[in-house]
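To start, the structure under review is shown below, and the notes come after it.
Just so it is clear, A, B, C and D label the chains in written order, and each chain counts residues from 1 on its own.
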Amino acid sequence: MATLYNRIQGRSVERLSALSDGIFAVAMTLLVLDIRLPSATVIHSEGALLNALAAMAPQWITYLMSFLTLGIFWAGQQTQLNHLGEGSRDLTWIHLGFLFAVTLVPLSTRLLGEFIHFRLALMVYWANLLLLGAMLYWSWKHAEAHKLIKEETPPEIRAAICRRIFLAQSLYAIGAALCLVNTYVSIAVIVAIQLNYALAPRLGRERA
Amino acid sequence: MATLYNRIQGRSVERLSALSDGIFAVAMTLLVLDIRLPSATVIHSEGALLNALAAMAPQWITYLMSFLTLGIFWAGQQTQLNHLGEGSRDLTWIHLGFLFAVTLVPLSTRLLGEFIHFRLALMVYWANLLLLGAMLYWSWKHAEAHKLIKEETPPEIRAAICRRIFLAQSLYAIGAALCLVNTYVSIAVIVAIQLNYALAPRLGRERA
Amino acid sequence: MATLYNRIQGRSVERLSALSDGIFAVAMTLLVLDIRLPSATVIHSEGALLNALAAMAPQWITYLMSFLTLGIFWAGQQTQLNHLGEGSRDLTWIHLGFLFAVTLVPLSTRLLGEFIHFRLALMVYWANLLLLGAMLYWSWKHAEAHKLIKEETPPEIRAAICRRIFLAQSLYAIGAALCLVNTYVSIAVIVAIQLNYALAPRLGRERA
Amino acid sequence: MATLYNRIQGRSVERLSALSDGIFAVAMTLLVLDIRLPSATVIHSEGALLNALAAMAPQWITYLMSFLTLGIFWAGQQTQLNHLGEGSRDLTWIHLGFLFAVTLVPLSTRLLGEFIHFRLALMVYWANLLLLGAMLYWSWKHAEAHKLIKEETPPEIRAAICRRIFLAQSLYAIGAALCLVNTYVSIAVIVAIQLNYALAPRLGRERA
């Protein structure tokens, strides 16, 4: 009985995409809500305002990093969903798990912005990145196993999607491990990895 | 006169789906806004931060429970909307009532997180679950009575949708009643029911 | 030169619908953010919590009223957009003005919830309702004058859309004027008008 | 290897449009969250409330200005996306950069509302406008260079899109430079430029 109901659930990839776009849109915009600006009651000169904004550097850095994180995983999920021929109830729940991790990003960002020199805050942030990657990996493996991928998708693309997640997560893990040295080193390396995914492949495009 | 206007209203299931996806996306992401992280002004060591995060357990549990609630009802509404051939003014208002209950979820979650050992807070949360289920049930019965369901939908699926809502609500009611013992028991049972809907049918799928 | 650019802007009714659904979804969900729940630090019994929740009646009433407001105007805008064959730059800006009024609803709701016995707060709320109606009226008149309405739309529907707005706004104005007696009377009448639009026509449907 | 993956990313203009509409919708509605209304604990008469609302003029002005900003850039991005035949990974990241600037608008608005007579706050706001324009300009130039624009788009429209951005940004720069006189003059000029884009071309339409 439950099985019949489960067979008719979650068939629409379009609605899953719409929910995902909505959650990413809200999460990306909410990041900014957590930034506490200085108050006019304590700032009385242009110089003091500049200093106050500069002193917020941890918040700016974590904000930029989290926007990059959300952009990278939005693009990654989008690529997967574009190659799905149909959805299923189980796949929908894997993606809801992924979206759960997306809603956690503003929270782990706020934690890291508040405790930027604490390894625990960085570990929580990295755990969030890991959960995002793991859910996307699971989603693709599940879609492959249950033949939900569009038939015209060539095998090398199927492999490329998994390889990309695996490689990115390895780099993030190395970045996170560097918090044994210093959390700022960790953050710098993670941002560098992210900027590489967002920008650098452009440099090497001509070679391909 | 009003009747003519009413006949042309609410015909678009697509727009209703879009509004619904948007409201679910915002509600799912807003849950996180209500989580108050400890402040760096009172936490001075990694150990203290770990303890402070652990002491927030009621907030984590209610957050997880509410994300599951929203995920389950999103999937349930989506299944219904996928089987609708066309909308109507009345059906639109039933779904707006359902969406009203969706926007209440972050609020009843916040109440339960703040007063987790109060039966009243748990009853409010359960009333929210009941309202969500009742509106979805009404929506389906209305769509059946007014022939808004796609013709190709087989009768067993029509019945399965109602049965699923009825069964889930019965289980939630039992879970809520357990608050006579203890609100934590109630919450544990409700989360177990929800995880069963999200995960467990996977285990039994091969048998079907 | 500017004219050429203006001719190619705002042609997509789909994108305008998507932005509108998003703004309505956020506004509907944000209403709940402004509800301040009692804190566990001052509430120590179930009875005290019940009293505290009951004392929040002004917030509950304005919340319900504003959700109805947003639902009614969402349905009204949707009906118009469904009958548009194509958009235009000017029509887009009229709808952006309408959406501006939509984003003001959470704000005027907050003001009314805080100052529920002040006529000024009620007047601000009513001005918001008036602006919403005026923009929708303008939008339809503009679409008629510039032949943006789908050709198959019969003349009686064109007239019905304007009449509906005019009638509703007249009723709201009467409701608002009753604040000379008492703001609670005003609010009760406005909520009754809104519930009539949402529910009552169902009673009379068989007669049509 | 990375190149293969990059070729399959970001092909869907529809998903990019959906994310953009979501981010604009949230940003437009969030502006209102930052407006702090007076509290009923300190306001005891209708007159005092009126004065308090009038004293919030800087917030109202910056709110209006930012809604106009978001409306103008939403319409501008929409026009571009409507003329794109297909997306690409690089174009997606340029638009994510644009959306990053969109999420900054509520923040720079809050800063300007709090420090309305500080040149630094106005410079930050202008930098935000400049970033929005620069990303849209880059997006169009990139789409032209990589042949992503629909073939049927006539050359004069291609040129008009760039010219429009260039002209608007020149006017904004002049407006911002006027903060050497006074920040209120700057804001008045910027709002006048924006209202011109939103309304004034209507006056001259018949001439075209």
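The rule is short, and it goes like this: a contact is a pair of C-beta atoms (placed from the backbone, for glycine too) under 8 Å apart; a residue touches a chain by one contact, two chains touch by 3 or more.
Quantities reported herein were computed from a predicted structural model and do not represent experimental measurements.
Common neighbours of chain B and chain D (chains touching each): A, C. Legend: contact pairs of A-B compared by residue number with A-D, A-C or B-D; the interface matching in over half of them is A-D. Looking at A-C and C-D side by side, the one with more C-beta contacts is C-D.
Chain C and chain D, compared by their mean Cα positions, are separated by 25 Å. Spacing of chain A relative to chain C, judged by their CA centroids, is 35 angstrom. In chain B, the residues that touch at least two other chains are 18, 21-22, 25-26, 30, 33. Chain contact topology: the protein chains form a complete graph, every chain touching every other one. Interface residues of chain C, counted against chain B in their complex, comprise 17-18, 21-22, 24-26, 28-33, 35, 37, 39-40, 43, 46, 49-50, 53, 67, 71, 74-76, 78-79, 81-83, 156-157, 160-161, 163-164, 198-199, 201-202, 204-205, 207-208. The touching residues of chain B, counted against chain C in their complex, run 1-6, 8-12, 15, 18-19, 21-23, 25-27, 30, 33, 89-90, 92-93, 96, 99-100, 103-104, 106-107, 110-111, 114-115, 118-121, 124.
By the touch criterion stated above, chain D contacts chain B in their complex at residues 22, 25-26.
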